[in-house]
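Dumping the structure here so I can ask a few things about it.
Think of it as A, B, C, D and E in the order they're written, each chain with its own count starting at 1.
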Amino acid sequence: MIFQGKQKIWSDYQKEIPDDHWFYVRSCIRQGFFPGSEVAFLDICRNKLGKDFFETEHHTTCGGIAYHAEALPQETMMTIIARQFALMGEHGYKNYVCSCITSFGLYTEVLEDWRTFPDLEDKIREHLWKSCRRELTKPEYLAHASDIIYKFRNEIAAKAKHRLVNKFTGEPLRVVEHIGCHYSKMFPSKGVGGAEYPYVLAGMIDSWGGEVIDYPERRHCCGFGFRQYLVKANRGYSMSNTHKKFESMEPYKPDMIITNCPGCPYFMDRWQYVIAEQTGKTYGENGYGIPVFTYEEVAGLVLGYDPWDLGLQMHQVAVEPLLDKMGVKYNKKDKYKGSGGKILKIPEFPMNIKCC
Amino acid sequence: MIDFGYSLTPSSTIEIDDADMSLFDELCAVEPDAIKCMSCGSCAASCTAGVFTDLNLRKVLLGLQRGCEEDVLPQLKSCMLCGKCHIVCPRGINTRHLILSICKIYNI
Amino acid sequence: MMRERFISGYDHFVLPFMVGMIFVLLWCIIGVIKIMVQLERKDRIKVYKSLVNPVIMGKNVRDWFGDCLFHVKLWRRNKVLGYMHSSIAFGWFMLIVIGHIETFLYIPERGGLFYYPIFFRYFMAVESTTLKGSLLFFLMDFFLLVVLSGIILAIIKRFRSKLMGMRRTTKLTLLDRVGLYSLWAIFPLRLIAEGFTAGVGGGSFLTVPVNWLFASILSKPENFTIAWWAYSIALGTFMIVLPYTRYMHIPAEFFLIPLKNAGIKVRRPRKGYALAELYSCPSCGVCLDACPMSVDKAGLKNTTVYYIRQVKRRNQPRALAIADKCLMCGKCSVLCPINISAIDLRLALRKQQPYNIEHDFSYLDKIPNEALTSAISVGGEKVLYYSGCMSSLTPMVSQSVQKVLTTAGIDFTLMDEQGTICCGRPLLLSGRTEEAKALIEKNEQIIKESGAPILLVSCAICYRIFKEDYDLNGVQVMHYTEYFEQLAAEGVIKLRKQEKLKYVYHDPCELGRGCGIYEAPRKALARVANLVPAAKERKESICCGGSLGSLTLTHEERGRITENSIRNLTANSPDRIVTACPLCMKTFSRQSEIKVVDFAQVIAENLVEKEKEE
Amino acid sequence: MKRNVLIIGGGPAGMEAARRIRDYGHTPILIEKESRLGGHLAKWHKLFPEGESTEELLTSLTADMEGINYFTDTNIVSINKLKNLYVAIFSNGISVQADAILFATGFSMFPAEKKEEYGYGIYNHVITNADLEHFFNTGKDPRIKEPKVIGFVHCVGSRDEKAGNRQCSKVCCATALKQACEMKELYPDATIYCFYMDLRMFGRKYEDLYLNAQRKYGILFVRGRVSEVSEDIDGRLVVKAEDTLVGKPIRITMDLLVLMAGMSPCVENPKIASMTGVHIGEDGFFMPRDLLYRSVESHSKGIFFAGAATGPKTIPETLNEARAAAMAIDHYFKQKA
Amino acid sequence: MGKLYEQLIRDYRIKEGLKACINCGTCTAICPAAEFYKYNPKNIVNIVQSQDDAQIEELLKGEQIWYCGECMSCVTRCPRRNAPGLVVMALRSLSIDLGYFVESEKGRQMLPLTRRMQSNILNYGYCVYPRTFLYKDHPEYGLTGKWVIENMEDVYERLGANLDGKGPGILRKIPDESLAELKAIFDETGATRRMEIIEEASKLKAKEMGIPYDEYERKAFEDTEKDHLNH
């Protein structure tokens, strides 16, 4: 692997990201599975970096998952998105940032479609007006939340309490980065680093001291596939795709995985559990799995957030071995506590994959 | 083991790295023309048995080249050896004997 | 009158002859027993029955004389070659017969000794001449001269085979050579030996002058037994090597003829009847020129004579290779002086080939007959036309046939309108006899269900199997050449003749040699154009090279065969080559500069339509 | 009357045209941006269809350069039209007056790194056809180490709208097969795959090349465009394509992957076009008067084309065009006179 | 050009996603669905490109179009700027609009899928919502997931979520007026109609199959009877 070759490509795909005043929209999946991540993201942006991130309670899902599951027609999805944009305009923002990759992909695509087919945009304006009496305003800048963290990766590194370095060996941690498919596969120029060698996460890893691992199935989908996961009968597809990725990365002995898509960390985490329970196979060291993180969680760890405040207890694959490697201090007893230190019943442990 | 109601699916990707090509090499030793095929499909188009079954000599040959013999060999069972494929083959491959040799070597 | 020269009636020089004679006799007896044992029971019974059937026995006797002694077929082929073979065979036969007559006339008590009639001249002395004696002396010398003339021709043939109409001769094995040279030596040595003793033992126009010659050199030539030794040794050598040489055909053919006339066929590649055929092959090499593959020098080694040699040597890989190569055109068989069933021998071996193909034709049962042809639902007094699988590559043929039928006002249905089920002949030719049955049965079913009285076939390959291997309950199978000629002869169709055009007709192997149809297509074609002959035609026609018979001929090898076949057809500069087999047509079309058309096409093009007639 | 003809580009087209123009009695002035004449040809080892030596061809092309002024390491700075004359200033300071100009600017190799998914310049064992010719010439390339499995990817940067090259580069199919056979001779135990979309074996003897590649060299063909390449932990290349004739994805691990980089329009075309007003097609190649009858003439008087400047061409086509252009220029002068 | 094809090209996704396919197979090569299902995006694009209505109808009524995971990896690689993924989406929409989706096992999944998705959006404003994400439907949520479900309020509260709360924040209760806007959008843009079409066609199909509607939905969600895998 020739690093300079990748650098050259990265330099070709640099994207303009304004550094302040964002209209923030949440992700359905992120909220449900990784609530700590969105909390951490806003906290980092607002309190650590001092930026303006506005959120309105009136924004909703973009409808993307339903659209990609064919539960919504294209025009419905577009009108919901137009409503979101309208909300942004109504609050006086021009920069739109979303937490979800599916949303990000759709926003990009919808803007592109409206540009190509102005009649379509007119039609959606009309729909929006008819149903919500709102006026569409298109964002000037569109970013995914990981673009923001990428932009401020060096500032975060400067404030770092921990680095992606194995404290026992002093070696950089071996990190697999996984990019959500809809981040740049459809519009390579809209993603940092393009579609083939995206740099958005690799840049964070580089800045925070880790070593990026490039393995053969790196570019591949985690297997969500919308309906392929949502319908129980189809889940073999979803699981097999994750399996393929893990088989491919296994020889590299990664310490951790970072993702920028809401669904991927959930699937890559849970499918490890299912694969272990079904086949007995585990991919990490000593019978553990390979922990899978959102980039917000990793940024939070680097900045010294408490792992249980970040919500790492919601992962099925144990994160403790990695926390130990990073030298992150944590209180074992606090892991499964409720709010205000309320003692909750500890979850059951799986049979084949080690948990703490 | 827990039954989740779904399970891992086998991959359909042709993995040439793992394919055992020794039988194919043996075939080529007897039938050097086996690699002359340019996949034009004339054989399949004119096949007498192909009207009634999925017999497709082009695919059979390709399957053997890719080490996927299990997928394709059963097709040959319906061959009537009528030799039309031989007549139409633009590369002049003696397809009839090739079929017999395939059967002999792969022992279908 | 004659008397014995020696009381003992014996001399040591007879030993070599005796050893050879006894050896060869034993060998033949054992061989006959072996073959009879190897025959299937029903075949064996057939043979026994034939031996008491006067008609078959009469045929046997005729064949023994005609084929073994007079080589009638070779005469027809080439007079010199015929003379050469029959002079040696018949001459020698007569020498033996007259030798025995002499012995029985003059000294019947010695009749039981094998050697006596052979060496008669040595053991007997002439006391006085009689007319009968002189005649016998004359006959003996005459036949010796006949044999010698044959031997001289044989020697010439060895070096200048073209004189006998043979372009090539077989390559001899070492033992063949020993046999050949000893055979050549026998009769000159006999002349010399008898020449030495002619002064005492008597002689005629040939031996007496030789005796004079020797007498002028030697004082007592009659005591020169060394010549008799040489003669006996030559005979002995010949007989000792006989079973291992091509000359084995001399005794073997005598046995083969009754078996053949009894209707026995090859069943296994080297046992039973096949064994009799293998030993009956005289390695004469007629098949070398006959074989279409001999256009390539390398192809010569794949001819029948070498096939037989390899089988006899038990060289299985080579034999298999040759068997697979053969086009199965059958030309060698029809030209072969003993009609060796070359195709059957090879097929028997192909059947044993471990191809491992497990055919599964169960899908045929799932195809409803109605789905293939409307003939099933219509039924009745129709002509059922089977165009065959090849017709999709030569659509002209089936279209032309249909045009002729329509013009003739014949009610017909296409049997394979919605896809052809192969007739099974290709499988059969690949030695897959059992597998072919599935296809045959399906087609039989369709034909019978259609209720048509006539099955019309436009493919010579299909025609042959329909004729030979189908059981059709009296449905008449007709090749379109026969059928159209019949229609023309009956005036059902009218044809116009194009006087200026010269056509040549190619006899497809399967139709001509295979089914004996030579005249019908010619008669019909003569109605539409002038037919010019090919250099070789009818049963000597040359395979187009496309035959399904061959399993291993390469594209290039086939190309050269085709080229040769076209050269043969165009000897008289025809304007068109007409064939009656879609495969020949396809094969020729690829290479011929002259337009190649199908028989049906020619007929269809020259139909006089009824309205126009009026 | 002797006239000056400025020939831009010292590849086969320029060199052949220069000699012919001289033979017509005119004065050719040839400039070449690189330090030696020969263009891309000079970097090649052998040529299809029959492995003809490049060296020999170059020797014939350079055998007789008498009366031809040529400058290497020289670029065009400017061209200005002056009545019936063109005044050109070169980077070496020389300026000439030319009665006619011949554009023999050829093509630029498609930059294979633009097909990011193939990882040229990123993976250690991905090379281009030009790299391989260099290897054939010098025997040196650290990326080629006793390869056991070799792949050739056709149509890299050809027939690819995303890469900005819609056209077929015409020569890559034959080149790939030629190179594949050469590699097989060097590494007889190697298994060699060609990934193609169509095998465009349009010329005489090309089909024989194909047949030889199959029969004699046992090159294996996969109909399908390579979709992505990645490196495994051993540094070997994992190549993914669809075997479209089987209809299934195929994955092969390889030791060497050769990208058949196609012909792109010469990168300097726009600059030169802007100096002279000749037309450039939407594909970036110079546009002649028409593509059938006046394929060597431009829309501007006195400016002519030869060779790959107007689209991908084989060597014999290029040489013939050079001759045709020389003839057209001579004809142009005669008409003017 | 067939009628179905005409209907199909009215979809903007076909306009965007289908230029001219050259059958190079770059899409299939990396398609996650092609690796595991009897699926080949190249063939699908080729069929649409052929404009052959009979074949298109076969697609609309068949299983194939439902195998795609819409990851859009194909879009990156196509040398002709096609988007097989978008073509499949257009086919799916048409299949639903024409009621053809019930003819395939995978198509029948539209009933449970649309019901769940649409009710989540209309009731809560989210596509996926913890209170409707049931462990019995999602055993892979794992033992941690089970723990989260069992201690939902505590777990979310500890992490700073605003579960069902007022104002902005994670999993907040989206104000009713906003939910009403979503409903209006659904009515205006065809989402409501889509649900109706799916219900109607599914009911008929359930009757045709002779099974109760509930059972029909359960089967569609959980069962696999056909062989979809590409061995």
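We adopt the following convention: a contact is a pair of C-beta atoms (placed from the backbone, for glycine too) under 8 Å apart; a residue touches a chain by one contact, two chains touch by 3 or more.
The structure presented is a predicted model; accordingly, all values stated were derived computationally and were not measured.
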Worksheet entry | Partner chains that subunit A and subunit E have in common | B, D
Practice prompt. Just tell me the minimum hop count from subunit A to subunit D, counting one hop per pair of touching chains.
Written response: 1
Worksheet item: Which chain has its C-alpha centre closest to the mean of all protein C-alpha atoms shown?
Response: B
Discussion item. Using only Cα atoms to place each chain's centre, name the chain farthest from subunit B.
Written reply: A
Worksheet item: When all chain pairs are ranked by how many C-beta pairs they have in contact, which pair ranks first?
Response: A-E
Item to complete: Report back the single chain whose CA centre is most distant from the CA centre of subunit D.
Response: C
Worksheet entry | Between subunit C and subunit E, centroid-to-centroid distance (C-alpha), Å | 76
Worksheet, complete the sentence: Per the C-alpha centroid definition, the whole-Å distance linking subunit A and subunit C comes out as 86
Item to complete: Can you check how far apart subunit A and subunit B are, centre to centre, with Cα atoms defining each centre and the answer in Å?
Response: 46
Fill in: Euclidean distance of C-alpha centroids - subunit C vs subunit D, Å
65
Item to complete: Quick one: which residues in subunit A touch 2 or more of the other chains?
Response: 195-196, 219, 232-237, 239-240, 244, 274
Response to the item:
Residues in subunit B with touches to at least two other chains are numbered 2, 4-5, 9, 11-13
Worksheet item: Considering subunit E alone, which of its residues make contact with at least two other chains?
Response: 30, 34-36, 76, 140, 222, 230
Response to the item:
Pairwise, the chains that touch are A-B, A-D, A-E, B-C, B-D, B-E, D-E
Worksheet item: If you look only at subunit D, which of its residues touch subunit A in the complex?
Response: 113, 116-117, 119-124, 228, 230-233, 235, 238
Fill in: Complex contacts: residues of subunit A adjacent to subunit B
232-237, 239-240, 243-244, 274-275, 277-280, 351
Worksheet item: In their complex, what parts of subunit B are in touch with subunit E?
Response: 2, 4-5, 9-13, 71
Worksheet item: Considering the complex alone, what residue numbers of subunit B touch subunit C?
Response: 46, 48-49, 51-53, 76-84, 87-88, 92-94, 96-97, 99-100, 103-104, 106-108
Worksheet item: Once bound in the complex, which stretches of subunit C touch subunit B?
Response: 324, 353-361, 363-364, 367, 389-390, 392-393, 419-422, 424, 426-427, 430, 432, 439, 546, 548, 551-556, 583, 586
